[in-house]
Amino acid sequence: MPQPQELILNINAGSSCRGITMKDYMKQIFLMILLCGSVVGCVVIDHSMEPTLEAQASWVVLPILNHTATPQAGRRAEAITQALLHSAGVENLQRYPAVFQDDLLLLGSDTQLFETALKWAKEKKVRYAMTGTVDEWRYKVGIDGEPAVGVSLRLLDLDTDQVVWSAVGGQSGWSREAVSAVAQKLIKRLLDQVSLST
Amino acid sequence: MPQPQELILNINAGSSCRGITMKDYMKQIFLMILLCGSVVGCVVIDHSMEPTLEAQASWVVLPILNHTATPQAGRRAEAITQALLHSAGVENLQRYPAVFQDDLLLLGSDTQLFETALKWAKEKKVRYAMTGTVDEWRYKVGIDGEPAVGVSLRLLDLDTDQVVWSAVGGQSGWSREAVSAVAQKLIKRLLDQVSLST
Amino acid sequence: MPQPQELILNINAGSSCRGITMKDYMKQIFLMILLCGSVVGCVVIDHSMEPTLEAQASWVVLPILNHTATPQAGRRAEAITQALLHSAGVENLQRYPAVFQDDLLLLGSDTQLFETALKWAKEKKVRYAMTGTVDEWRYKVGIDGEPAVGVSLRLLDLDTDQVVWSAVGGQSGWSREAVSAVAQKLIKRLLDQVSLST
Amino acid sequence: MPQPQELILNINAGSSCRGITMKDYMKQIFLMILLCGSVVGCVVIDHSMEPTLEAQASWVVLPILNHTATPQAGRRAEAITQALLHSAGVENLQRYPAVFQDDLLLLGSDTQLFETALKWAKEKKVRYAMTGTVDEWRYKVGIDGEPAVGVSLRLLDLDTDQVVWSAVGGQSGWSREAVSAVAQKLIKRLLDQVSLST
């Protein structure tokens, strides 16, 4: 789906043509401001080099640590990541058993949940494990209440215990969007960097 | 059903034609902003490839895990999913016994409910099980209070224990809509990807 | 009844014709916004294929499960459904004994009430049983506080234990309406899909 | 992805052409002010001289101390820093075990966490350790609520216990940005000063 934001970039690219008068040029800039200010959120993404992943290897989604004040933001990010990985073509994809969450409910510690799930994944001889952190997952306070999401993802190779890929991004939406929709867009953009050889 | 959002994108696509004057162009942009800001919510959807499902197989709706602060959001999503699957043509469709919910009411743990229902479904020799997570189910705080919903769905083949299809989406409505209506629209869009051979 | 929402889509579809001037186009859009924003609530409905129901069969309204935080929303939906079924021409219509509600009042569990009533209905040799869930039944928080209702209905054939029809819908009203009025409209629209052969 | 901010720089670069009249020039300046004021935030950065780092040395991300009232801001900065270092090409990069966080949860003391992790890193014979402080991590209070972030980073050579590089910066975004996106931009700019010989 073409993003409105990319549209803006196209307008700007177009405005560098020399045949356009200054007046038109300014109109377009105002247009851009208007769009930016009212409709389009911003996104920033950084990622490591594209890894070479073994085809047909087994994958697992491990707990994503929640560094926000939003309860269960890690669980939500996991659910979205799992579905996006599956839709990206990862066939052999598991998620850590959800019952692990109950065992640690009282402590409320994501890190212990991660250790438990990591141990489970290694016993299961899974090759690639996706984990990460949620750094922001909220609606901003204010008149508009735009959604804002910050997520980092890391792909572990459990054979070598190395991080084979990592990415981090922050995205804000416009005031009518749902925070889960913005998170999905952001996580999708992050995962777009991982090319799955099939 | 043609979506208003797609319409907007078409307007933009159309506005890149060189035959349109700047004035018309700006009108269209204002129009877009107006539409976006006042009337139309946004939706984002990702799904895996369309599965090949066995016709006449038995289906079950398993508990949908609630990752939100809204009580019983999982139960609501199940009821909507069940009705939508039925209306999509799934004849042999059950839901896990509702009494399971009572047994686990005190703990309030969706994951235990899921395990219990999954075991029940396997004993019943059901083929396909629809489950998932609710990541958002609320009205946003603010003047308008638009509804915002985030749902992920997974279809399990209980014969092979594989996820044969998954989808995830987030949708926000405009300020006059009910959150259950937005959820129904979103879940319907997600399920539209599953083509049922009859 | 043509839906307002579908009307809007038609306007848009029509406005993509090249014969319409920009001015007309914008007028239509403003019209749409006006309608949507101030007067008309929104409704979304999905239902399975129309069942073939035996004429003169006996009917019962079973407990409708309450998934909301509004107390007794299920009881309210039952009362409305019962009256609407009767006004639609169902002669032989019972409701489960209200005393069942008292027995389970302390637990407050709708699912146990449903099981008790279902057992009672089967003993009474009733043919069709209408049940369902209430997913939303409230006024939205905010300046306007529009009513919002979400209901799903299922018609069981107690001879075969199959779901012969199901429907789900969400509807919001405008700010001056009562939530029970909106619920009645919604349930009526859902039941309109069931044609009773007489 | 080209950032709007970088675009502005291009416009300015273009305005230094001598063929443009003064009037046009001033228009562009006003334009720039407008853009700066409404769209782009401001940034200030200071850093020590570029260090000469040993290639292929092992790195670790140690706890970043949180000097703000925002809970877990240090953890968030660590996650972003780790991903950015990895994306900058640091292959042999670890993070201190997350379970250390639990041990110190009751005390809530970042300094003890730092000491524990530093000791752990020295036992692991890691060469370079990145640490620092978070001095601001919030949305400003007000109508717009722009995000504002202040971060300092220090790179320790654990062989010599010397600080081989340090940088400090503050950045504010425009009102539609997420604070995590601004933090990521700032930390990236800080890390840009460290050239990694490969």
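Here the chain labels run A, B, C and D in written order, and each chain numbers its own residues starting at 1.
The definition used in the following text is that contacts are C-beta pairs under 8 Å (C-beta built on N, C-alpha and C of every residue); 3 or more make two chains touch, one makes a residue touch a chain.
Here the structure is a predicted model, which means the values were calculated and not measured.
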| field | Centre distance in Å when chain B and chain D are each reduced to the mean of their C-alpha atoms | value | 37
| query | Any idea how many Å lie between the Cα centroids of chain C and chain D? | reply | 53
| message | Quick check: how many Å separate the C-alpha centres of chain B and chain C? | response | 19
| request: Hunt down the residues of chain D that sit against at least two other chains at once, touch-wise. | output: none
| request: With chains as vertices and touches as edges, which is it: line, ring, star, complete or other? | output: line
| message | Judged by the touch rule stated earlier, which pairs of chains are there in contact? | response | A-B, A-D, B-C
| note | Given the complex, residues on chain D that touch chain A span 1-4, 7, 14, 24, 27, 31, 34-35, 38-39, 71-72, 75-76, 79-80, 82-84, 86-87, 89, 93, 98-99, 101-102, 105, 139, 143-145, 173, 176-185, 188
| chain B-facing residues of chain C, complex | 8-9, 12-13, 16, 22, 26, 29, 32-33, 36-37, 41-44, 46-49, 65, 67-69, 107, 109, 111-112, 114-115, 132-133, 135-136, 140-143, 146, 148-150, 152, 154, 162-163, 166-172, 174
